[in-house]
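Chain lettering (A, B, C and D) follows the sequence in which the chains are written, and residue indices restart at 1 in each chain.
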């Protein structure tokens, strides 16, 4: 890639025009002054010029805005941080064969939605045979033993089950994010495992549509999966992580 | 107003949450790296945390994003710049009576869409009897003589007509803004009047939906009107400006 | 005018099958009580407040009393006999004083007999009657206010959710929503609440993705809506959730605070909160009797099935559940005009003809339940972070609502897949509704499904599948069907689930003045 | 199936009135030529290129020749006689050489007589025939490619605009749009171009809110669309604008570069560009003859009336204009299947029943012109900066399109009131169209306007008003009607407007081989 491609700007209809759309509400009454306030905010966000193309009152105390304009920021592609998949995508039979060789027993996976979260569709998509996006879920893999605890599992309950099942990996899901519930719950979970088992804790994997895969460290887990994850990705990751744990080359 | 009201932040569902929505396209292929790039841009705009809640490819080379998040910027209401209406809103009969007193003749207004712009609906809304938003247009005012030159009026033609009609005020409209056409055309117009008539140039008024009223200086005109302007506002302004010119107290 | 040409015999057969499927469950419900039913009864009898000195946080007094009674003499006779006996024995002024004394370990509960029994029956009956009188007064008051301020000018009624977690922010948002056109405001509950085996107390400010349902929050919001109703010149209704482990108690609190609608499904708690089936069926029956008395419209939860199962494959399970919900509701005394049976616009928008299939399903519900105020739920599952797409889909949902004559329209939010609604989402969503109602509100006049067309065929097919499924349920038993994952693909065995230990078989001498008065008021 | 039950006698009467109203104007058009018609003829005869040494910027050679001929011997005999005479006289190899020599002042044009006349006639006829052969070849080539790559799978065809001002960016956007589902790409012109009395040359990169229509830009875009057609497996059509002062020339360039559709209205230039009425009527007739020959679908501009006039009040003016456009087109040799008559979804969305009124208007057009590929234009005037609202309105526009069987759907953009479309606007707009077509594409089957309902009544009313207006136009004369502001509220007197000085009355000896061959090919 040429140097020119290191830096990019948003594209409206011409390379480099920087055009973006934004909408927001300010807690101030509708009127020219409100439009001016919206413009100030847009400018602070780096939009220049910015156009308040729409505003309307919401009740007496709020105003909603739509603003278009050009942001001056450059995106530096070299500085983009992403979690690249650090392992190969394996087919179910590759997963099974490798696990059999490495472990000589089934790999035990315990999963559930923790805290008060009852959104099981996501974790079920990963765990249940039915699967997701045309891929079968982990239950389908001969060399995996899957224990799906379902919804609203408390952290102590999760730790207890993981112990009882001798879990190699614990997979938790968090969908509700209001007031950072997903972050707090996951941190509580990883702390509990650290406390209960120290270094012998199972592999901890968190998933949910609003997680950022870069957050693993902050959450105290080994890996984070976000929206659109498929079961195959998770199975392949588990193989990779088990190999790494046992010091086996991939 | 209390001090607390000097600074505000965007409002999602809780005071101070700073939540905004934004969408844009980056000229990079769809994928995790693209999502990372979108996040970087959002961060540069001051969104933290930011969530890329949607992305989809547009062809092979572009990706479209929807991002939600909290902007850290504060809007300082004391620093908001707006053009406040510096004159009273007058009824048509007040306009007529005042003009009659101040001028003792009809005030001559020449108007049109300049450059290649043919969007006459806006200027017609101000000038034609039919008017706008329930208010009659300037033609309806007994003490105004209105010459509406229509669309795609060249600057030399405009200057010529203004001279021939002995215009007190010239009202121009600009709706097309691509490549800043509205700004360039208006500046060309004001420069031409300066050159042709110097200090004796008529009052210059520009209008159009994408003008920022703060731009009068930059455009070289006396006043700028933006979206939603009503004829009454313009008539009242003309009275005010004529009084100011003649040194008559308002 | 019927557009689907449904066979009245098939419809009647479906209803009969639903009644037969429900029968054993109704018997079970009659034979049991639960801690929640007993708590609800004491609440009707006037207990309020919480033990704020308890180390586990505020514990409602009613829980302290019930738990102690159960410990000391069991609940199979009901709570009122030991409680009102103790009240008299210790010469206490109120149930709340009794609770304080209970907490202090001063009370030894027992089942009274002889004259004591008669006295306890009488005292409890008159206490509960007082509570029910408040419920009745609220019903009358609602009718008065509706007469005074008026009902919404249009159908469907516009139903909006607020969910900030903070009752004070909720008030701001609810009032603004009403000003912008909402006819019904629902305050969504905090995620954890349905599994709490008590009702929190007081005004609350820290829910997760919803605000706790408390008596005080109910009061605050109803008062706020009364204010805004006056302002906008129409009675704005308030909705909350009588689901979860405290279904009967919350139903009582709703009656006491003049709520107008309540989410209340015969199976939702089982399926989506893993609550024990028997517990749920007992609780729902009592709660529905209370709703019937209070004139509260219930909203059932069939929409939820389509978030876990596929909306095309499982369309007939919605119909079956509606028929069951209808039967359970009638049995508990709710008339048709209080049956806000639920259904939803949840077909994958990528399915060819998805909109026409939605029309088929929606019209089927409409023609099966012509007198019920059907509640039409917006797309959620197939909403994505593409808020533009979502806004459009919501528009077509609104259109389907007006084309098929839905009664209550839960307004969809473009941010469905992103966050609980922003203030602006609600405002935009209302604009969407207003556009559709104003521009195409009477388009139903021109909507005439072709007699052999996709819509008519599909509706007949779904009804046929529903009848087949009901036959299987009659054969296997409803509890087994639930255990097998018939609804929403959730498998819930009858002996599992949360709150099972709160179920108590009634003794022959079981006494509950609330139940007696409520059964009597059934028609 | 006719849903409106229009009276065939009324419809026939309307057509007859339109023909009578058009008659005097057709006579005028036949009696005159214009500088643009003459330039178009020379372009067909092979002239290309521009004088890049001129101080006013590039001036096309054809303008230099026409202007000089006009100066030296007038245009009433047509340009080809003096031009081809000069060519032979000076023994020049091509018209372009002639132009160079003209610019250098070396040529003195005159009307040949006798043998010179015969020779000039012959030479020019064969040159023009060559040009027309290219046009014919392109028509055949289009038919071949359509046969090979296929037509769109669905009706309506999806028509998208690109408007970056830079042909290279346009190509990127057009190809991506085609991949995303566009069946027709229109390259919007720079704002100023319609008032230029010449066609710019070469590839251009600096238009304002549109890209200049040039022969080279046409070629670049058609080639790019051929590439992408192959890739997507369907023939993607290209549209541009034959309006303004160069209507006939651009029509020729479109024929030479295998464009597939052209904006071409009999009155748009008069009304919305203040072009002289006679100039316009002469130019449109010639340009339509060229379009007919090239098998190009014309798109008329009735949608524009509704941006300056009210869409309800002025609905019948759209119908009248469609009938006039139809007549002028037939007269110029265009068959029904090339008549993309325009109409639009422009009723104020705040008007009660606005959507049903749109359906009435759209269905009226459909049933009046059953064989015409109607072009259905999206909302523009009532689009605001609220892009969410706009996205919804566009969805209902799409729905109206499928419910009423429109043929060509110009895709609306949520940013209509903001900017010329972003890449993402087009992508989102296509998602919108795809959803509506896929989900509700066949809903027309269930759309049966009630016989005495709003839709049928409204359609009859509009047709009635159209007949009344046509009667008045027949009485007063079409030119007077235009002068009075009948269409789009624009008042345009016959003797005013731009380009009037480019109109020339034909001499009896007027000769134009293009006109002769084109008249001959009319049916």
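Quick note on the criterion: a contact is a pair of C-beta atoms (placed from the backbone, for glycine too) under 8 Å apart; a residue touches a chain by one contact, two chains touch by 3 or more.
Note that the coordinates shown come from a computational prediction; the quantities given were computed from them, not determined experimentally.
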Higher-contact pair (C-beta pairs counted), A-D versus A-C: A-C
From chain A, the most remote chain by mean C-alpha position: D
Chain A and chain D: spacing of chain centres that average the CA atoms, whole Å: 52
Rounded Å distance, chain A centre to chain B centre (Cα mean): 43
Intercentroid distance (Cα basis), chain C paired with chain A, Å: 33
Centre-to-centre distance between chain D and chain C (centres being mean Cα positions), rounded to whole Å: 60
Per-residue overlap in chain C, given as positions that touch at least 2 other chains: 386-388, 417, 419-420, 422-423, 428
For chain B, residues that touch 2 or more chains besides their own: 11-12, 15, 19, 21, 23-25, 51, 53, 56, 62
Interface residues, chain B side, partner chain A - complex: 8, 10-12, 15, 19-28, 32-33, 35-37, 39-41, 44-46, 49, 51, 53, 62, 71, 73, 75-77, 79-84, 210, 212-213
Of all residues in chain B, those that touch chain C in their complex: 11-15, 19, 21, 23, 51-54, 56, 66, 68
Parts of chain C lying in touch with chain D, wherever the complex brings them together: 349-356, 359, 386-389, 391-393, 395-396, 399, 414, 428, 431-432, 435, 438-443, 445-450, 453-455
Parts of chain C lying in touch with chain B, wherever the complex brings them together: 163-164, 166, 169, 173, 384-388, 415, 417-423
In the complex, chain A residues that touch chain C: 23-25, 56, 58-59, 62, 64, 115-118, 120-121, 150-152, 176-179, 181, 209
